[in-house]
Structures are given as C-alpha cells and as structure tokens.
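Just so it is clear, A, B and C label the chains in written order, and each chain counts residues from 1 on its own.
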Amino acid sequence: MAIAAEQPGVDLREPAGWRRTKNKIATVLMWVAFAAVLVPLGFVLYTVISKGAPIISGQFLTGSIPPNIMPANFGGMAPAIIGTLEITALAAVMAIPLGVLGAVYINEYGGNRVLARVIGFMADVMTGVPSIVMGLFIFTIWVLHFGYSGLAGAFALACLMLPLVIRSSYEMLRLVPDSLREASYALGATKARVTLTVVLPAAIAGIISGALLAVARASGETAPLLFTIFTVEATNSNVFSGATTALPNQIFANASQPYVGAQARGWGAALTLIAIAFIFMIAARVSTARFTRYSR
Amino acid sequence: MNQPEEHVVKTELPKPAALDSRRAEYVSDYTSAPVFTAKSVSIYYGSFRAVTDVSLDIHENEITAFIGPSGCGKTTVLRTLNRMNDLIPSARVEGDVHYRGASLYASSVSPTAVRRRIGMVFQKPNPFPKSIYDNVAYGPRINGTRNKATLDEIVERSLRQAALWDEVKNRLNKSGLGLSGGQAQRLCIARTLAVEPDVVLMDEPCSALDPIATGRIEDLMQEIKSRYTIVIVTHNMQQATRVSDRTAFYSVLRDEKSDFRTGVLVEYGSTRQIFEDPHDSRTQAYVTGRIG
Amino acid sequence: MSAAVQADPADVAGSAHPLAQRRPLGDRVFGWLALAAGLLVLVILVLIAVTTSQQSTSWFSHEGLSGIFSTDWDPATDHFGAMAFVFGTAVTALVAIILAVPVSVALALLLTEVVPPRWARPIVYVVDLLAVVPSVVWGLWGILVFAPWVQHIYSSIASGLTGIPVLSFLFGGTNTSGAAFFTAGLILAFMITPIVTSLSREVIATVPSIDKEGAYALGATRWEMIRGAVWPHSQSGVVGSVLLGLGRAMGETIAAALVIGSSPAITSHLFSPGYSMPAVIANQFGESSGTFRAALVGMGVLLFAITIIVNLVARGFVERSARRAKGA
C-alpha cells in the first residue's frame, strides 16, 4: 500500500500566529493564577510555622496565659486551647445532629413542597450570614439575659455551622440512589426506618466529611466568640457560665499588642489553631476515603 | 366493597397429583384460590390515566406473567399490588383491589403491613451497601427479630432458597455490592424471601442479566413456586412460556385523533391458551411477533 | 409454610381490617423532629433580624435613617453617622472582588479544562488550604508581617505617581503602617478565592461536553472553545459565585479589623487607612454602651440585610444557570 504523496494545499500545522499566541497566553495566565494563589499561602504558612514553632513546647500547651508584657518563653496558651476544644465540641454536638435532621427533612420528607424548598434555599442563604452577626445575635438573645459563657459561644458557632452541615448533608443524601429506598420500602420498612437504616448509612461518609469541615471552619472563627465569651485570660472549667477564652480570641488580642512576648505567643497560638483546623480537614478526607471503600 | 371484610386464613389446598415444575398443561384442570382480585382498576398519575379498567385474579401458588409492549402499564399494575405506587405523590388508584378478601386500598390499611406480606424484586439488582448477611437479615431485623441464632438460620434458609448459599456461605461479611449481576439479583430475592412473604412480585428481574443467570433465576422461581405466589412482569415472551402458569397480555389503547393513550388488559388466561390459541387478534399479533 | 397471615404484632387489636396498622409512633416522631430541625433555619433567621433590630432602635431614633448616610462619626460627641464604615466595607469588598475574581475564574478554568484529572486533586487541595487558614491568622500575619512590608511599596508607588491625574487619585496618599483599604482588600481576596474558585468550578463542570466537543470539532483552540462554548453556559453561574464571594468579603470581620487601619475615613486613596462595619463592631463593641452600642448593633443589622440580599441575588443566578444547564 503506497503512502499517498503529500498534496499541495493540505496544511496540517497549528493554526497560524495570533490564534495560537492567544491560546498560549491564556494558558500561561491560568498558571500564573495558580502561582498567585501559592505565593500568599506559602508566605503565611512559612511565617506561621517559622515564628510559631519555636514557641510551641510542653509548657506552651499546658501553661496559663501570662500578662502580655512577659517574654516569649513565659507561660502558654492552655486556657485558650481548652476553650477552643470545649466550645467547638459543644457547638458540634448541637449543630451536627440538627443539621443532618434538617437535611433529612428537605430531602426525604419535604419532597416538592414549598416549605422544603424555602428551607433549603434559606439554609443556603444562611451560609452567607457574616459570623459577626451570629455573635451579635447570641449576644442580644442570650448574653444579655444570662451573661457570658462558653455555652453562648457554642450557640454562636452552632448557628454558623448549622447551614453548612445542612448543605453538605443534603448533597450527600441526594446522591443515594432511589433504588435503595425502594428496596427498603418493598421489605415493609416505614419512612423513618428507611432513612435511618438505609439512606443515612449509605451517605454517612460524605455527611461526616461535611460535618468535620464545618467543625474546622468553626474552630477558627473569632467574631462569633468576641461578644459571647468575653475573652478572659484564665481557664474556666465551667463551660456553661462565666467568661472564658479561646484560641482565635487570644490571637486577636495579642495581634494588637506591642510586646514581643505577646506577639510570639500569638504566633504559637496561630500555629496551634491552624494545626487543629488542618487535622479536622485531613480527618474529613480520610472519612470520605475510608467509607467509600466499604461501600464499593 | 360493602361485604364484611374477612380475614381469610390460608389453608393447605389439595394439589393435583401431577403438578410438578412443568406447569401449564395442568392449570386448566384445576384452579387454586385467588390471592388477588382486581376489579375495574384504573391507575392515574395526576390527570394521566396510565391504566384503564383492569380486572383479573391472581391465583395461589402459581406464576402469573404480565406481558405486553412498552408503556402498556404492566409494571404500573404490578406496583399497585404492593402499594409501591404510593411512593409517587401523584399516583391514584380507582377500582377495587382485594388481597385475600381484604381491600388493599381501604383507608385503614397500612402500606407497610402490605409490603411485609407482598414482596418485590426489581429490574436492576439493588443490594444495600451492607454485607451479604446484613442484606438478607435487614427485613427480619426491622420486623423485630434480634436473636442472632434465629437470624443466622433465616439468612441461611433464604440464601438456600435463592440458590446462592453455596457461593457466598464463606463470605457473608463481604459487601453485597461486590457480587456479579446474577448473584446480586439472587441476593435481592433472598432478601425478599427472608421476611417470608405471601406473594413475590418481580419486575423484569432478568432483563439486566445474561442468559445463564436468567436461567438460574427461572429455575429458582419454579422451585419456590410451591411456597409462594409469584407475579412477574417480563418483556421476554419465551420466559413467559417457560415459567408461567397464567399470562396476562396488556397493550396500549390509542385514540388516533386525540392522541390519548392508556394501558389496558387485553387478554388473560392460561399460558398455554394465550400462546397457542389467543382469542384476541392483538394478542395473536403480539405473541406471534408481528408487533412489540 | 408461608407466614403471610400470622398476626402482625404491630396490628392494633380490634381494628376492622386485617392489614390495618397505626403508623408507629417512632415513625411519626422522627418526621416531626426532621421538620422542626428544618424550621429552625427559618426561626433563627427571623430571630436574628428581629432581636438585633430591637437592640439598635435607640440608634435609629437618635439619628434617624439618615444615620446610615451621615459621615459624622464621633462617639465622644454623640454622633453616629455610619457612612464611613459603609464606604469602607464597600471599598474593601470591591478591591477583594477585583483582585480575586480573575484569579479564581482562571483557576477554575485551569482545573476543569487544562489540567488532567489526576493532577486536579492536588491543586484543589492547595486551594482548599487557603480556606483552612483561619481569618484571625490572616489578620495576625497581615498586621505583623504583611503590612510593614507592603508599606514600603505603598510609599514608592505613591511617590512615583504624584502628579499623574487618575492614578494618584487612587494610589496616592501617605501611609505609615501599611494598614489600609487596599491591604484589607488584598487579604480579603486571598480569603475568598477558595470559595469563588470552587463554586465556579461546579458551574463550569455542568457545561455539556457535547458543546465543548462541537467547538473542538470546528478546529477551535482551547481558549476559543472556552470563550465560545464554556463561557455562555456558565456566565450566570459564575456571576453568582462572584456575588457570593462579594457577600463573604463584606462580612469578613477579623482580618479586616486588624489591617484596615481603624480610622474612619472616606477617601479615594486606597493606600490610606480606613474602617469598615464589621471591623468597627469587632474593635469597639467591648467598650461601648448606650447609643454607641446601639449604633454598632445597627450596623450589624445593616450588614445582615445587605449580605442576605446579596446572597439571595447570588443564589438566584446560580440556580438559573443550573436550571438552564439541565434543560440544555
């Protein structure tokens, strides 16, 4: 079979000049955008790690908060760490079950009813409410009557987390194929049974992942806690009453301090906070991976 | 509808001596009691009348096949028998459907109770993303059985009935999603049998399976027929002749001028009669392959 | 052998119908619980609006609605005009959007059209890392590291541009600390990039590949395909994501509070310090009382209202784009 001789007029090369250049420029710009994202990220992480790591020590993680003027190797952030963990945990316990139930309502019970669609839409809108507004809200509705407390802070964080959990759980529930529900109904299960024994277990990986991401987000929030826990510098063992502190609040306070020691402790706290949020984020990814492996 | 509703107890009915797994020839000699009686049933989705005026009896310990072209309503009628159409908000049933003498659509009837007695196997195998054991144990568990030994026994019995036990007995903990198509469908059948229903409805159970898997399920149907009543929707006419005792042929009634379509029951009789001596010309056209 | 007509333990004794069974209490309770959880969303939103408005009435009665537009802010003399803060919020959010949107959209396109799927995951992780950095850490870094560094740049640019009409209008002015509208806007841009990117990605991913293949089949380069097939489909969705980013930038409190400069000012100079609504609330709330506090809460109400409206509009755009993609 002879190969046909190249004929005149057939040109299979790249489109000429300007079109090709435009394409190349566009691609380059897209990669530049990626670099533009890497630079500040790298900058921040580098700074936090390089300034914060030297401060982290056993003493830092367990010591109490000294007056700002004290040098860097004095005291620690233990009350703030405890505060963050307690308050975030309390908020999670409130927001996650309610969020999942809300998503169950929208997806399993609501159907096409107007109420369900309104709730779904407003839950999405609620994710955009500024966190400081949540703080003001809990301030007016709770703190003015019952005083500052970790519980109030937890309420504010829970308000922040609720729409996030609803949204991510809803997406996961939607992905569960209807054929599974049908099979369950056909075996004589009631709607609650179907939801609890088939639908939720099938979606659990994504639900947990979404919940962990919401927790990661909440753990780093400052504004909702500003007016609800009042930021004192001591550990308050009673999370239900009395002002307390948390990592973000301490960082906020120390950031405007002129004292080097206070600033250093701020960096240490920042590193701790990023580490906590990062751990939750990794846990979220692990959850997705592990659970989807089971259902394959 | 106004007769006193009886709670009909199923008794052991005398079986004709020669009734074996090769069914059809003997059915005309003997008719078992009706399990379902449908009278003038019409089914609507919203304002669309999907099925018009269906009347038939489903008889005990028989395999009844619903056949017909696409869109003729056979699956719709099937799903009416275990109230699965309730899951579609706009669905509405008119007419009488009686199950063992009791009205299936009375307002006091619980669909959940209905579905525990009347099970369903679907077209596409839909095992739960749980272990094989948990799939089969699901039904008994939600009905209150908790005892491990009892569950073990139920699981083994159901998997044996579904001709799947030997293949999976050593991996009951493995996910049900890891089975081949044919195995998965047998798992779904085992799952349905685990609650010991009275009736098993099957919606084209073999259409997603290869011929060998199909054959195994057809054999299975013959084996369990003596204990259950089976209604099967099928596209495959050869399958209907192979397995069923009775066949109902549905078709689409179309009004040329107004573009109005609805499903109707054209003819219902013993399988032998439907295929060898159809009374209606539409039936004859369908079974001889001229349409559909 | 069939157990079909065994007495069902759940059968209510004495019911007329053999198949009758009351819907179990557990089933109904679960349904109510789910409904209650869903309604909680609406309840909270309404409560936020009502209670915060209540707390701010003394401000409104003191200043009237024109308080929002008055530029006279002097708590010492009981003047609480909010305009400077509204201005600051708007300016920083705008700067954030102008900087973040091109980058985010370019990133979204990069991830959906250019990068092979295997490499997309790590890049997405990197972008998500931006979101993991808490707001307060951005602020800490911003005020202690970034602002001093960028202050030099501001001075150089400002002096370099003196005399040039439009540019010195925007980029002139003096700054001693680096805290300014622009600094805050820049950091806000870093913070909203992940969310705008991920939403734009979702939108762009819904473009039917048939359209993309059609463009390629006509001999288009990738950029031409993006302009011709991807963009028309994803336009309104991307606009929606941008608006959502805008809403987020307006409400972002702590980072802005630390690096915006904390001095209320209405000026065109982007490099000079200013103030925004969330920032002043965060900074001054603790020591405020009476009408001052009511004014701060009032600004919170304003912020709530604005972000709700922006979010409603944004969701409208996103839904419209999703609906069109499904119908396509």
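Going forward, contacts are C-beta pairs under 8 Å (C-beta built on N, C-alpha and C of every residue); 3 or more make two chains touch, one makes a residue touch a chain.
The shown structure was predicted, so the numbers you read here are calculated from the model rather than taken from an experiment.
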Graph class of chain-chain contacts, one of line, ring, star, complete, other: complete
Chain ID, smallest distance between chain and overall C-alpha centroids: A
Pair with more cross-chain C-beta pairs in contact, given B-C and A-C: A-C
Please tell me the distance, in whole Å, between the geometric centres of subunit A and subunit B computed from their C-alpha atoms. 49
For subunit B and subunit C, let me know how many angstrom lie between their CA-based centres, rounded off. 54
So the centre of each chain is just the mean of its C-alpha atoms; given that, what is the distance between subunit A and subunit C in Å? 14
Touching two or more other chains - residues of subunit B: 112-114, 116-117
Quick check: what residues of subunit A touch more than one other chain, meaning two or more? 190, 193
In subunit C, which residues are in touch with two or more of the other chains? 23
Quick check on the complex: what are the subunit C residues that touch subunit B? 1-5, 8-11, 15-23
Residue ranges of subunit A touching subunit C (in the complex, touch as defined): 15, 19-20, 22-23, 26-27, 29-34, 36-38, 40-41, 43-45, 47-48, 98-99, 101-102, 104-106, 108-110, 115-116, 118-119, 121-134, 136-137, 140-141, 159, 162-163, 166, 190-193, 195-196, 216, 219-223, 226-227, 248, 251-252, 254-256, 263, 266-267, 270, 273-274, 277-278, 281
Residue set of subunit B touching subunit A in the complex reads 82, 84, 87, 89, 112-117, 119-120, 122, 124, 126-130, 138-139, 142-143, 175, 177-178, 188, 191-192, 195
Contact footprint of subunit B on subunit A as seen in their complex: 111-112, 177, 179-180, 182-190, 193, 197-198, 201-202, 294-296
Could you list, by residue number, the parts of subunit C that touch subunit A in their complex? 23-24, 26-27, 30-31, 33-42, 44-45, 47-48, 51-52, 54-55, 102-104, 106-107, 109-110, 114, 123, 126-130, 132-141, 143-146, 190, 193, 219, 221-224, 226, 244, 247-248, 250-254, 257-258, 278, 281-282, 285-286, 297, 300, 303-304, 307-308, 310-312, 314-315
